[in-house]
């Protein structure tokens, strides 16, 4: 080996992630300064926290000994409401999402329709479900109806966006082949597009069903129906064993939903 | 009879894919369209059934002007032109039968096609065609379960179920191995002869084109640079179409037949083009 | 069989008789389920309120515009808190979620039988519970404030990061792993050389994605007392100060759009 080669071997280092050294150090410094500012800016009342540790212990204990029985009626009613809201909202959301998704797919829709549908999706995706729920409760009154509307609103943003992206990714040649046979626009959708996006549509709907259930547990906090109200009350009363029971049921339902939806997805593939 | 007059296509990007092509394909003629990638072969056949909208020129099929048709008229005219694709373009998640029957979409109404209730005669014709292309018993297989050659046979059956008078064939063999390529080309040739169909076949493989076509048209940069019988294609002409290269091994001698070990000795260049076509 | 022979000709149908019946039956059950669910909701709805919803909506809108822009001055501090809740929460979640993902992935877990199910359980528990519920819980335990928000975001995000990262780990190209293994590398070396580089872009993408989601979520945590701009929203709504609420809505809108834009840019730069 020549000395130059040895020298080169000695100097070799893996290239850094950010090539520009100034930028690299500036970013690092910025991150450190930000972290220092952010952490020091959090007011912590240690007395309150240490007090809370005891409550945290009680909550964990509640998980080991959840109390299903003492408020069984409320819990049962809450979950029934959450589940029916989930079902109705997912189905309605799906029915609305399909035309919106077709409109939001650049390869199918004319430009004005495309912009309109994309705008609709952006609107739905920007606002948190809970904020939408507050507004709908103010408009339609307390209860599951406002909750269903909230979930439908969220479902449309979610499903249409992902479905539209999937439609934009389809194999164009299959569509072209149907077009070449002289099929009409609807036949094109039925033969060229639908078979290609169907498995994904089913997968996304099941996924959204799962999300809607989880959301339905939250929007009850602002009065839009579902198990959330019961949960909120339990925390307010410091009934951690009841809260733990509700959370356990949520976890179990989500797990069941996840396992069955992955099974269904494998089946439709 | 297909008549193309002064057909031109300029893409919005400014690429002039076709610069005034005129061509007449009489009834029953099998014509091969050869030329380098980007010469406009694909654009030309797509301008015929207006999957690509031509910028200028006229296309007439059996006396009916295709250019200038309304959407509805165009759909009806498309039924007369069966198209066969390079990547087969089968709807992968549908069964073979549904794919073949999709050739009747221009004839049946929406709800019939939605419920897959095609007229009995269509279904019978589909069965007959599947028998003819050698896929009897495959009707319930899903298209994505088939091999390349089988998929292309389904594609052919779909196109023929339209009862077309013209076949537009876009690189039918580019995704197939050499042996299957020959089988597919032979099948196309036989079917065209049985039914008196005209065909325009885009093809990269010059040897295959010479073997199965009655006429060869060479396209370069959107212009016809050769139009004549397959046996007249010489090294000179290939240079005119594709550019400078040693062509002596490519051309089929008029009397040669049988299966050469390599159908085209210029496999490197052709394969490279194939790969380019695949991407 | 979809193909049958009837009076000499072959007949084709998409599905055979039994499958077709099963399909119709499935549709029937699904429809009945939806209708029944709707009945339950309808029973619990005051239709009187729904009928005059358009009046309520108009009324609400009337009370929201014009927004009281001067209120903006009091929103900067909560906005800063919101940003911190999201960022610190995401960082804590990364610190906890990455090891969790390695414990959960089939190809990196120390024990498929004992450690993996436990890690998966932690992931699913974290994911099942919305950050707002975590916040509810934490406010009740350690009291209201930013700290509860940070921990709530972290607890929810651990499962998200853990799940997506362990799935990415399970999908890596085994060829590279075999190649590194065949050099005689130890298990940690295999992970470091063959696995980490493969999932690094996915990891960065997941983290930035979650940060974006966390910005959204931290804007509403204040509704249950866990700090950030949601506190102001809660106060304005309970005082029926809708002109202030509309300012907050707009601020949230801008924040969310900005974070989405930023995260899209970062993810684009990574990939």
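The chains carry the letters A, B and C, assigned in the order they are written, with residues numbered from 1 in each.
Here, contacts are C-beta pairs under 8 Å (C-beta built on N, C-alpha and C of every residue); 3 or more make two chains touch, one makes a residue touch a chain.
Quick caveat, the model's predicted, so the values are computed rather than measured.
Trainee: From chain A, how many touching-chain steps at minimum until you land on chain B?
Mentor: Shortest path length, in steps: 1.
Trainee: Tell me which chain's centre, taken as the mean of its C-alpha atoms, is farthest from chain C.
Mentor: Here the answer is chain B, farthest from chain C.
Trainee: Which pair wins on C-beta contacts, B-C or A-C?
Mentor: Taking the two pairs in turn, the one with more contacts turns out to be A-C.
Trainee: Measuring from the mean C-alpha position of chain B to the mean C-alpha position of chain C, what distance in angstrom results?
Mentor: Roughly 49 Å, centre to centre.
Trainee: What whole-Å value do you get for the distance between chain A and chain C if each is reduced to the mean of its CA atoms?
Mentor: About 4 Å separates the centre of chain A from that of chain C.
Trainee: Among the residues of chain C, which ones contact at least 2 other chains?
Mentor: Correct list: empty.
Trainee: Check each residue of chain B and list the ones that touch at least two other chains.
Mentor: Those would be 98.
Trainee: Of all the residues in chain A, which ones touch at least 2 other chains?
Mentor: Chain A, residues with two or more chain partners: not present.
Trainee: Give every residue of chain A touching chain C within the complex, in rising order.
Mentor: Chain A reaches chain C through residues 34, 38-39, 41-45, 48-49, 51-53, 55-56, 59, 80-81, 83-85, 87-88, 91, 126-128, 130-131, 134-135, 138-145, 148, 214-215, 217-218, 221-222, 225, 228, 231-232, 235-236, 238, 243, 247, 250-251, 254-255, 258.
Trainee: For chain C, which residues are in contact with chain B within the complex?
Mentor: 1-3, 9-14
Trainee: Residue numbers of chain B touching chain C in their complex, please.
Mentor: Chain B reaches chain C through residues 95, 97-98, 115-116, 120, 123-124, 126-127, 139-140.
Trainee: In their shared complex, at which residues does chain B touch chain A?
Mentor: Touching chain A: residues 49, 51, 75-79, 81-83, 85-87, 89-94, 98, 102-107, 110, 113-114, 155, 158, 162, 168 of chain B.
Trainee: Write out the stretch or stretches of chain A touching chain B in their complex.
Mentor: Where chain A meets chain B, its residues are 171, 173-174, 176-184, 186-187, 190-192, 195-196, 198-199.
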